[in-house]
Amino acid sequence: MLKNFHSLILAMVAAFSISAAAPALAADETFADYKYVLHISDMDPSKQELILNNAANLLDAYPPGAVEVEIVAYGPGLRLMFAENIHAQRINSLSQSGVKFSACDNTLKAMTKQLGYEPKLTPDAKVVPGGIVRIGELVKKGYIYIKP
Amino acid sequence: MLKNFHSLILAMVAAFSISAAAPALAADETFADYKYVLHISDMDPSKQELILNNAANLLDAYPPGAVEVEIVAYGPGLRLMFAENIHAQRINSLSQSGVKFSACDNTLKAMTKQLGYEPKLTPDAKVVPGGIVRIGELVKKGYIYIKP
Amino acid sequence: MLKNFHSLILAMVAAFSISAAAPALAADETFADYKYVLHISDMDPSKQELILNNAANLLDAYPPGAVEVEIVAYGPGLRLMFAENIHAQRINSLSQSGVKFSACDNTLKAMTKQLGYEPKLTPDAKVVPGGIVRIGELVKKGYIYIKP
């Protein structure tokens, strides 16, 4: 049996900060064909770390600048992009490395109505009219959809 | 810090009842190219409201009648389509607006066996042989898969 | 109201061990066009049974040998492929039936670092450099992505 279950879970979530081997390409492919949209709409805060690890892992797996990664957040998942989020610094670092962060304006408007003020988002996030519609647009453009 | 965290979460889940701006189209696209399959197989009841909000949001984001949305439920997610579900009226309203609801017969059969009677589904749901197979069929037809 | 909610949930999760009707094919399709990648990265143990049921259901829904199914596990979801997992025997049975199990090496490395020893995986799992990258490769090859 595993002695330290909690540490193990943390390690599993953390796994994606470690570099991965480059993926195999088909004969007619280039790395530029690889574009990923990662989706977060969950309340569970562990999903926040997981999706950031996933993004970092994708950057590591492909040659520098080759892969496109966009994280789209809506619903309870929008919390990832709050200015006060504990991962804000890491988000900034990923953003500097080319990862895009899209925040759902529908969610933002509903929150603002409910709270009486607009929650502040990280400056690294770009507000899009609708998170789900943004995902649809990206998939239509050939992005690979993954929900961590 | 946020003063009213619970209200905020509710607001975030509720966000998708607010109308979104129309999405951008590529030069060779029409809105008719946009078809979405939304998948629910979760126990978490907040996913039920979220997926309905997502469907409503999609209807709002595209011109009337342009977008196709189908919600496929299986496993614990089938509860969304129980006749007694608290969202039954909203499901009926979305169904009237063109959203399709597909309920997994495999799940239904297993439940019936376990309970000794067949749980009643909303009349707005159409029973499909297998929920996961239905998702596969829709993706093959060009539907955009999203798991809220 | 339902008298036995817990049993019901178990029944819903169990639903996918029951055989499904064969899916409809488009005119230009064969069953060989149907390839599925099922993704698990969740902590919730009920997702483990659900994803195995999904895989079994897919095998049942298509003619023998026609469909390809690969389960990719990373993050907390890697626990599915631990040698000590309670579903190990079922995983072996599904593996014998052609389902592939891919375990993320990034996750494994992080766990090993944290624990001081490498957790043993089921021999039915094949280690891939990165789980998320593997999903991307499979989607590019035409696999249908589903996150149970």
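Per-chain numbering from 1; labels A, B and C assigned in written order.
As a convention for this text, a contact is a pair of C-beta atoms (placed from the backbone, for glycine too) under 8 Å apart; a residue touches a chain by one contact, two chains touch by 3 or more.
This is a predicted model, so every value here is computed, not measured.
Undergrad: Same or different interface residues for subunit A and subunit C, judged by whether over half of the residue numbers are used by both?
TA: Comparing the two copies, subunit A and subunit C contact each other through largely different residue numbers, since under half are shared.
Undergrad: Only C-alpha atoms count here: how many degrees separate subunit A from subunit B in terms of the superposing rotation, rounded to the nearest 5?
TA: The best-fit rotation has an angle of 120 degrees.
Undergrad: Let me have the rounded angstrom distance from the C-alpha centre of subunit A over to the C-alpha centre of subunit C, please.
TA: 23
Undergrad: Which subunit A residues touch at least two other chains?
TA: 145, 147
Undergrad: Within their complex, state which residues of subunit A touch subunit B.
TA: That would be residues 39, 41, 43, 74-76, 78-79, 84, 104-111, 113-115, 119, 129-130, 132-137, 139-141, 145, 147 of subunit A.
Undergrad: Mind listing the subunit B positions that touch subunit A in their complex?
TA: Per the touch definition, subunit B meets subunit A at residues 1-2, 4, 7-21, 23-24, 26, 29, 33-34, 36, 46, 50, 53-54, 57-58, 61, 144-148.
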